[in-house]
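In the two complexes below, chain A is the common chain; its partner is chain B in one and chain C in the other.
Presenting the complex of A and B:
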């Protein structure tokens, strides 16, 4: 075959493949978003209604309690999710910075073993961990409280946070803080004036991962929360399925509410996210 | 000057500072992971049932474990979980590699494509499950509606009810959610690869397959191991997906280890037995992670040596 024709053909094939790929990634999510604005009658219609006839914010009004029937306290779940995710992320970052600094800057006994232990603690499946936590937390009175869930999420996020932050501190030449210390800074001052500002974007990306993990977690939250005091959005989403018929439109509206903060955060920091994953992991 | 010798501060082996810095991390993990797992291990040697608190103090030794050895449902779920993980991780790696190669070739709109590719990473697993429960719904799902509109099928295909189709649907949802981890990391690897060795190999007469097999692939393998390690840290996220899509049913056809643990522990209140199962699932997860982590460490040493 003529090489020019062949290259042309290759380009067409790769565009078709890319298009198919983007369809598979986007269509399910966009369909859920579209459903969030449609009345349930249209979602259930047979034969299927492909072009929406009615678009409205009714489903959102309903789940936020502006309509007559308030079945699911979404504003409370939203507030719980925010408070729990933000607090656990902040604490996990502080602990992660301290631990990541130790791994990046000091040599000590059992270093590799401790690091491996840290990672292995993260692999315990949430549902397996939920069994003993459920028993212990109910004895400690931590079931259905925000602090109860916050502590759990801090522990879930610390290993990965340490891993990422360790990688970012390692990228900063040790000579910089050594020079600052020769000039009279203490270790503590050198950290805040040199290493922290330089690693800030990496720490931010670690924070995004921690936030997303807490925001999206279901297996543990579903067992450790009971009521509007502490239930998070993913657990609240399952409220819809306890009824006989599934309210697809209402569930889709709630799905949109869960995904918007996550998407917004990701868009803001997507460059750091990729750098965080690769540099933290490879060059570490 | 000697007083400030920072080298000694950093390099002293007997220094307590690193241990103090790591103390908060290990305290939290002790409270939330280590201590509960110890309690869980103890519970797995008792016939503990939530409705009869006294049973927590009855020691029955290994009976839960020996019962499990002869439990057909448990082994079916165990086998299904290993199969599920093997298929999902392999498909994710291959699809991720394909996507990364595809996008690395495209010059126009690459950043937009990469952003779209990251979408599934941001979805809560519970949302992915819900989304595909909706897509694969036999009555109103977009997939069946599309197949019927295109006259590719007459009746409603029961995606989430049929044994094989339900397993396929769940694996599809899992792959949809997690392939982007592989794709993004492998793409980062491909983009950071130096061009010279590839050019040199081409000049020496290598065909594209040989270039890929002997130059590209070895270079991006460390990136693949990072992706594998990150993935193996939370393979149990699949519990959320299965829980929403099928709940392990119908009739246990999609029951994985994790849904079986939840059913035994919470629905049937057999905490002792559920903890025994949980221990086996933990060992499975640790085995997966340990395997990839060793490979990652080796790959990192290899990369550092090359610097």
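Presenting the complex of A and C:
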């Protein structure tokens, strides 16, 4: 075969394969988004209606209580999710930064054991802890409270944030903070002006991870929350299922609402992730 | 005035002692080089002066005040690191001005002093670049600029040139010397390179295994080493060491041949003492091709094993009494392996060391 033709054919095949792969990855998401804008009748129609005939914002209106049907308290769930995810992320980052810095910079007793212990704690599936957690939380009165869930998410995220941020601080030569201290910085200033900006991409990654974990978590939240006081969006999704029916369209609309902040955040922070620090301050 | 005084300075790492009670006074405006093989404690000593390493015992004084408990920023010093330690997220201007900015200087002053320092070091064109966009030599200059811009009482250099290639190292060495002559600040400079020590220092401090082996001007250390270690460490190629025994006023070598005891050690050499006869390669030369032709000497016929012509001189590897030695031939003359030449050993410039302790037997 003509080599030029063969190259062309190869390119076509690779495009087709890429397309198929992306289909597999994207179609479910796309389907959720489409469903969110379609009436339930069309969603449940048999035979299935593949190409949407009617697109409307009715499902969203319903969720937010602008329609006649009984509304699900989405704004409350949304607020709960935001407060819980942001607070637990902030705390996990703070602990992750201090812990990661300590593991990267200082030598102390039981350091390796402690680090290993932190990592091992990640190997326990969260759901396995749900029963003991439920019992302890109910004794402490933390069931159906935001702090209760925040504590759980901080505990889930801290090992990862420490591990990730530790790796980033390790890459920063210790001489940089030493130079800063000779230049007139206190230990604290050297950290904030030199080491923190250089580890920013790592801290941002850890932040995204922690936020998404808390934002999307369902299993434990479904056990530990009850009411609009603490229920998060993923748990709220179940409000669409009743004894005999499932409001697929409404559920999809809510799923879209869940996806949007996560997507937005990832886009905002992504800049810091790929900015990738151009090291060059020290000879490598 | 910024003299630096180390008093019985000790550094322990756990149970290992890295620095064994060092005493050293560095005068105001003096350029002192700490030199020694890796692991001799020279960098640790420097870092204790800088305040980056805790002092286990003893004291460091800068400008008359004990600074043991002061953090680095209060010691009025600046430091140039081996890997430059430039701040990667700042451009050259910000790197240079960082210390002044932290000190809360007005922006106009900072700009002026940064421009001055950049002028001195030829960095004016590079001020807006980031460290990643600079060559090794340029980074080194920025690191030096960051040190001088703050006008500290003393500069500390920690092997600043060891990451540069040979040619650049020579250039930067000259620049550091020039810099010291223009800014006249006390300098403590750590290196493992004896050439840097010889060329830069007002005084050299030779260190070994956490102790000071010898302190002196480059010429003192070169001409009157107090130990076999200093003798072989300072000078390139290193001093040849011929093991022998004192017998009948001569040094009897391994093969039974004898060389006269160098005059400067005659009083201290005991009969039967095991010694090392030290002769620099420059003092072993084929007759007619050496440095000094008068004064006491000994002539030996030796066979050339390897010759390395360097142009105006050649380095010759040969053997004396079974011991490999390096010799030097001055003049543009070709030497071939296997050639037999009559070498003259300038024994007036030879040294004698006790074989066991390594101490020089030179009368002082």
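Convention: the second predicted complex is superposed on the first by the 256 of 284 C-alpha atoms of A that agree within 3 Å, B and C clash if a C-alpha of one lies under 4 Å from a C-alpha of the other, contacts with A are read in each partner's own complex, and residues count from 1 in each chain.
One rule holds for everything that comes next: a residue touches a chain if its C-beta (ideal position, glycine included) is under 8 Å from a C-beta of that chain, and two chains touch if they have at least 3 such contacts.
None of these values were measured; they are calculated from a predicted model.
Engineer: Tell me the contact category for A:48 with respect to chain B and chain C: first, second, both or neither.
Structural biologist: first
Engineer: Where does A:150 make contact in the superposed view: on chain B (first), on chain C (second), on both, or on neither?
Structural biologist: The answer is neither, since A:150 touches no partner chain.
Engineer: Going by the touch definition up top, name the partner, chain B or chain C, that contacts more of chain A.
Structural biologist: B
Engineer: Touching A:162, do we find chain B (first), chain C (second), both, or neither?
Structural biologist: Touch partner of A:162: chain B, not chain C.
Engineer: First (chain B), second (chain C), both or neither: which does A:178 touch?
Structural biologist: The answer is both, since A:178 touches chain B and chain C.
Engineer: Should A:198 be classified as contacting the first partner (chain B), the second (chain C), both, or neither?
Structural biologist: A:198: touches chain C, not chain B.
Engineer: Tell me the contact category for A:189 with respect to chain B and chain C: first, second, both or neither.
Structural biologist: second
Engineer: Could you look at A:84 and tell me whether it touches chain B, chain C, both or neither (first, second, both, neither)?
Structural biologist: Touch partners of A:84: none, neither chain B nor chain C.
Engineer: Please indicate which partner A:251 is in contact with in the superposed arrangement: first for chain B, second for chain C, both, or neither.
Structural biologist: first
Engineer: Which chain A residues lie in the overlap of the chain B contact set and the chain C contact set?
Structural biologist: In chain A, positions 178, 181-182, 184, 187, 277-278, 281-283 sit in both the chain B and chain C interfaces.
Engineer: Over in the complex, which chain B residues touch chain A? Could you list them?
Structural biologist: Listed in rising order, the residues of chain B that touch chain A are 1, 4, 6-7, 9-11, 13, 15, 17-19, 21-22, 24-25, 28-29, 31-37, 39-40, 43, 99, 102-103, 105-106, 113-127, 130-132, 134-135, 139-140, 142, 145, 148-149, 176, 184-185, 188-189, 192, 222-223, 226, 229-230, 232-237, 239-240, 243-244, 258, 261-262, 265-266, 271, 274-275, 278-279, 281-282, 285-286, 288-290, 293, 296, 299-300, 303-304.
Engineer: What does chain C use to touch chain A in their complex?
Structural biologist: 50-52, 71-73, 77-79, 81-89, 98-99, 102-103, 130-134, 136, 139, 146, 150, 163
Engineer: Along chain A, where are the residues that touch chain B in the complex?
Structural biologist: Touching chain B: residues 14-15, 17-18, 21-22, 24-29, 31-32, 35, 43-44, 46-48, 50, 94-96, 98-99, 101-103, 105-109, 114, 116, 118-129, 131-133, 135-136, 151-152, 154-156, 158-160, 162, 174, 177-178, 181-182, 184, 187, 212, 215-219, 223, 234, 237-238, 241, 248, 251-252, 255, 258-259, 262-263, 266-267, 270, 273-274, 277-278, 281-284 of chain A.
Engineer: Taking the complex as given, what residues does chain A use to touch chain C?
Structural biologist: 173, 175-176, 178-187, 189, 193-194, 197-198, 277-283
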